[in-house]
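Down below are the structures I want you to see.
One chain, chain A, links the two complexes that follow: it is found with chain B in the first and with chain C in the second.
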Partner chain A sequence: MSGTYLGMPAFPRAARAAVADTQLRRNLEHATGTIRGRRAEVVAELDDWAELRAAGAAIKDHTLRHLDRYLVQLEEAITAAGGTVHWARDAAEANRIITDLVRETGETEVVKVKSMATQEIGLNDALAEAGIMAWETDLAELIVQLDRDRPSHILVPAIHRNRAEIREIFRRAMADVPADLSDDATALAEAARRHLRRKFLAARVAVSGVNFAVAETGTLVVLESEGNGRMCLTMPDTLISVVGIEKLVPTWADLEVFLQLLPRSSTAERMNPYTSTWTGVHPGDGPQALHVVLVDNGRTGVLADRVGRQALRCIRCSACLNVCPVYERVGGHAYGSVYPGPIGAILTPQLRGTAGPLEASLPYASTLCGACYEVCPVAIDIPEVLVHLRAKAVDAKRRRVLPTAERAAMAAAAWTLGGPRRLGMAQRAAARARRLVGRLRWPLTGWAESRDVPTPAPESFRAWWRRTRGRTE
Partner chain B sequence: MRIGLFITCFNDTLFPRTGKAVTALLERLGHTVVFPAEQTCCGQMHLNTGYQREAIPLVRRFARAFADLDAIVTPSASCAGTVRDHHARVAESAGDDRLATEVADIAPRVYELTEFLVDVLGVTDVGAAFPHRVTYHPTCHSLRALRLGDRPLRLLREVRGIELVDLPHADECCGFGGTFAMKNPDVSVAMGTDKLRHVLSTRAEVLCAADNSCLMHLGGLLSRLRAGTRVMHLAEILAAEEKAMSPARPHHRAPGARRTEHV
Partner chain C sequence: MITARNEVLGRIRAALADLPADGADSEVPRKYRRAHHDTGLVDLFAERAADYRAVVRHTLPDELPAVLHAAARVRTLLVPPGVPEKWLRGIEPGRLLLDGPALTPAVLDAVDAVVVTGCAVAIAETGTVVLDHGPGQGRRMLSLVPDHHLVVVCADQVVADVPEALARLDPRRPLTFVSGPSATSDIELTRVEGVHGPRDLEIVLVSHG
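The block that comes next holds the complex of A and B.
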């Protein structure tokens, strides 16, 4: 259902197939272009955006610095309000806890609120193995689930599909779909609405993620557009909320900053239609059992990295995906993770390590153009982290006796650039071989396949200067 | 004012005529330009690819080569950005306090060419003439690292005879990205093609920018396509005069195309 990312090829290979998918290219160009423009408009409305952004970053940094204290405070507040807190070191432990909690209720179906944390841990597959069916209720997440596909965007998991494709998916996989379903947006939404309504009315257990967890009060917060989340959060008897430990904010007042930053950055709305908050359990009102599963799954490792830890500020708005020129042409699947785009390129290698070819290739899946950093509502300097991860990868390989081809080339370049005499010699050699350089394929294959190779000048600038002006400096 | 030209290793080797243009331009404006011969490279390629250690001697060399100059001018937004934004961190990571001091002292004196012309010399009309249809691509480092804003356009608008046309979606990356162009060639070319779609829609004869690296990528695509549009560093446009109006030859030569020497 949510798919597995094991054995994914390195980014460049997956990207080669993706850029050749013409339908995908047009779908993404349209979707990201539209939301990019809208976001710019609503952000421009606030003259204190820079201050809000700085405040968002500062609150997150402060919370992460004192995460030990705030996590315990959150646990105490939730427990005092009648909820139960569970701690999960990794995905396997989180899935085990959640599976056991559902089993205890005796139910074999759960409804889900759109949640990145549960996608990250592969909860749907784990539940399916235990004979429990998890129904996604977010419209885009439902489309992906019905198609047995993978999400390709943080906010809009089915962004790679257009309406005609969604109609086909519904007709193929939705049990109770009208025979004459059109690809009109209202008709598609209505079909999904009727389909989901039956799930909401029957569900006894819901699983959610959270956007924020307030340590001071033990309050959990979900922002959404559709209202389907609100159904899941209020109608069932049991609610299981899965919370990545970086989701904390210290106080209720801190929400003021994030409730401005997130909707404008994410859906390009001044305020999202539904904001649900819940604190423990209340007799006769909403779920009577609340379980909160706090998930680490690699986050404390990220927290230990002085440069890389800023990735934990992320509030999953997806603004960086929407402005990323690489994402726009490749889509989310090539990133091999539920976290695609620029944030995925820095989060996935940090959370999973860089042993796999995909994870190792992600820090290079960027031109460092800086558009992501510019729009990030919590000022994550993504290019800085990308370069940091590249340096870590290079340093990890320095112990090897045989250098990689890249390291050998970089060492040769560093030697050549070590002084004007060496550089001058190399330039003269290149000038002599210039006719050859223009025809070079290897090692310039990647370049020369589609682009002409520049020819070294017959006389370098420094040689020209010396010839015409002598050595003045 | 002692103005030092930071040519950059890339322009030095591949695009010396950009350096000649900067020299000619500044001299035409009545300034003396010096070329510190000890300079080689700012270390950008090493730093962006993760070879921090290899970049340390390059940063040290840069600091020493340009130490006694009042202004250091470069025809590259990305190299100016590397010196201003990254050299301090290299010095810190090297644990070299003396280098850190030198780097902090030099960084504010490093200017990309259009910054130097507009902010320091206070000129926008540099006396250039270039009667061609031109569009300007703000490279990512011009736009988001140095925040050059409209400085290049203010300079270009004053050029005699120029027909300057706006580039649609100008703020999008061209797909060069240094080693990205080699490590992810498919995405790089896809981005370059989309950029060219906008460039060609302007019907400009010349595409100019403040970085020859991005222009090498786009120019390589344009010449492969025989598109009839060429690339040119904006310094070469600003240096152009009425008397020398013949267009420069293309940067790229198509395989099999007839070869003509250019000096």
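The block that comes next holds the complex of A and C.
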């Protein structure tokens, strides 16, 4: 995939372009609207949803609290079951390990199950540099890969494309496409099935992510719909599973919570069509070599932040994207990361740091309406983390020597609000300046660019009270 | 040289330094239900499985061979080792194929057969069947590559909900949870059945005698 997130503009600039794309807005409005309604229905079926959510959050918090111990336990269990565990500090190290593992098999192609972790580390590009072709097998990932595009949604990476666009992508980029391909969803899925079946039957090496890793037993879990996951996890000789270190749950029984929370939040189903679990190597059935790559890549930095660490509870369901008014209007690309939407706005700056303009702008890519927190199946208080990250950004600026316009304005405001006489003077001045509003000059133009400037009241409450004593004429 | 393993574990311990070292943390609250329904589980299972476009048939233990006999008239029955002989009573040997190493992925892909397996447990709330790929259920590839999968579910295998199902399963076995035929919603979130897994999922539900 040639799509890259390097050098992405800050969120407001990317968002402006996206909002102007009416086709994109129509596609997103239709798709997110559909799934919002369906999610609400299946969640309402369970009268103990609040209790499941509380348990999900608590299990994840407990796991993170003892993450070192659970990772060691997972390593022991996988090793005992015939798998090999590798550790990677960052993306480069993970890519090096995986590339070497593929090279050892002598293969130059791998099939892939959709995996956020491998997208995050840029695995496909790293493999391509080593002469290894990675075939994405999830339908939406395939669409994105064929189009040399970037994913725009965690669950449905091609959510920004409609049927007609997908047909054009297939006709342009799929080698064995039927000449008379229609834009019917069944026909498009059938074309993808034929295209990938030969790959599945011949595949010797697969790369997967996982949804959960059970420390107690060493069991890895993948939830999916199409069967491409089962194909990748079953047909090849070698399976390489890439696991972010926050994917752990302590026990097998803990899955009873997440297998209820995730499908209903994610695809809005009572259960997704296929869930596969495997524990090490199973003689005579499936891959006979299993490698598990545990990846940090910034996660321990997130863990160190008392407020921000709750982002590591995330189970990548994407419910927060589907309810977000900002995401619905700008789509996923503007977030400049494989993690778009509200969860991306708190995860990306924490994983990568806020030195870059994109990362620094993401905590502001929200109206703080709180819908994301409400639907989050593991109760991540995204608005709380957004405000926390904004505060950190302000603190970082405070250490700069030269004052910014914002700082000067805030200092003036502090002085004005510091005494009733000063405030009264300012209010009278504002009332006199009413007619000038709408003609704001620098440095206020930046602020007013994306906001309606409120017109100051002709008279302050205090002045009105002094004049009338509360009597309405 | 410090290994990646030790460095990552060290970073984790440093990141958690603000928390008390003795690990005294609050209990996980488990006030959620073990089950959302306690009666009518077999009917609920049938309804929920059909919701996801599985074809569900009810039968009695004595009538199961007749049901499979009817299926064998349309396609060859492909069965894994360990399927109970009484299920297959009266089916002509020519209509029966036993799974084995000779059936490579390419053969499984080309065969026009219906794969008949049992299951380990079935979940009423979600309409799910779970295979642990033990005797009578076949290796994972068998119920994946051919286009038609028929699962025999006995009424006493149906549990109310996910917690009870997991308690019955052995995580050391490879497990496949199946809820309806393979599907995708990747195109405009419209559900389309029959992508890479079997296009047809048929569930034969055997009631208590």
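Note that the second predicted complex is superposed on the first by the 451 of 473 C-alpha atoms of A that agree within 3 Å, B and C clash if a C-alpha of one lies under 4 Å from a C-alpha of the other, contacts with A are read in each partner's own complex, and residues count from 1 in each chain.
Keep this in mind: contacts are C-beta pairs under 8 Å (C-beta built on N, C-alpha and C of every residue); 3 or more make two chains touch, one makes a residue touch a chain.
None of the values given here were measured: they were computed from a predicted structure.
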Partner chain(s) touched by A:R193 [first = chain B, second = chain C, both, neither]: second
Touching partner for A:T275 - first (chain B), second (chain C), both, neither: second
Partner chain(s) touched by A:D48 [first = chain B, second = chain C, both, neither]: second
First (chain B), second (chain C), both or neither touched by A:M235: second
Partner chain(s) touched by A:G353 [first = chain B, second = chain C, both, neither]: neither
Partner with the higher number of touched chain A residues, chain C or chain B: C
Contacts of A:V330 with chain B and chain C, given as first, second, both or neither: first
Partner chain(s) touched by A:P12 [first = chain B, second = chain C, both, neither]: first
Set of chain A residues, in rising order, touched by both chain B and chain C: none
Of all residues in chain A, those that touch chain B in their complex: 11-12, 15-16, 19-20, 25, 325-326, 329-330, 361, 363-371, 373-374, 387, 389-395, 406-407, 410-411, 413-414, 417-420, 423, 426-427, 430, 435, 438-439, 444, 446-447, 449-462, 464-466, 469, 471-473
Contact footprint of chain A on chain B as seen in their complex: 4, 7, 9, 11-17, 19-20, 34-41, 45-55, 57-58, 61, 140, 144-145, 171-173, 175-192, 194, 216-217, 219-221, 223-224, 251-255, 259, 261-263
Of chain A, residues touching chain C in the complex: 27, 30-31, 34-35, 45-48, 51-52, 54-55, 58-59, 61-62, 65-68, 71-72, 81, 86-89, 93, 137-140, 143, 156, 158-159, 162-163, 166, 185-186, 188-190, 192-193, 196-197, 200-201, 214, 217, 219, 225-228, 230-231, 233-235, 245, 252-253, 255-257, 259-260, 267, 269-279, 282, 284-286, 294, 296, 300-301, 303-304, 306, 309
Contact set on chain C toward chain A in their complex: 3-5, 7-9, 11-16, 18-19, 23, 25-33, 36, 48, 51-52, 105-106, 109, 123, 125-128, 133, 139-141, 144-145, 162-163, 166-167, 171-190, 192, 194-198
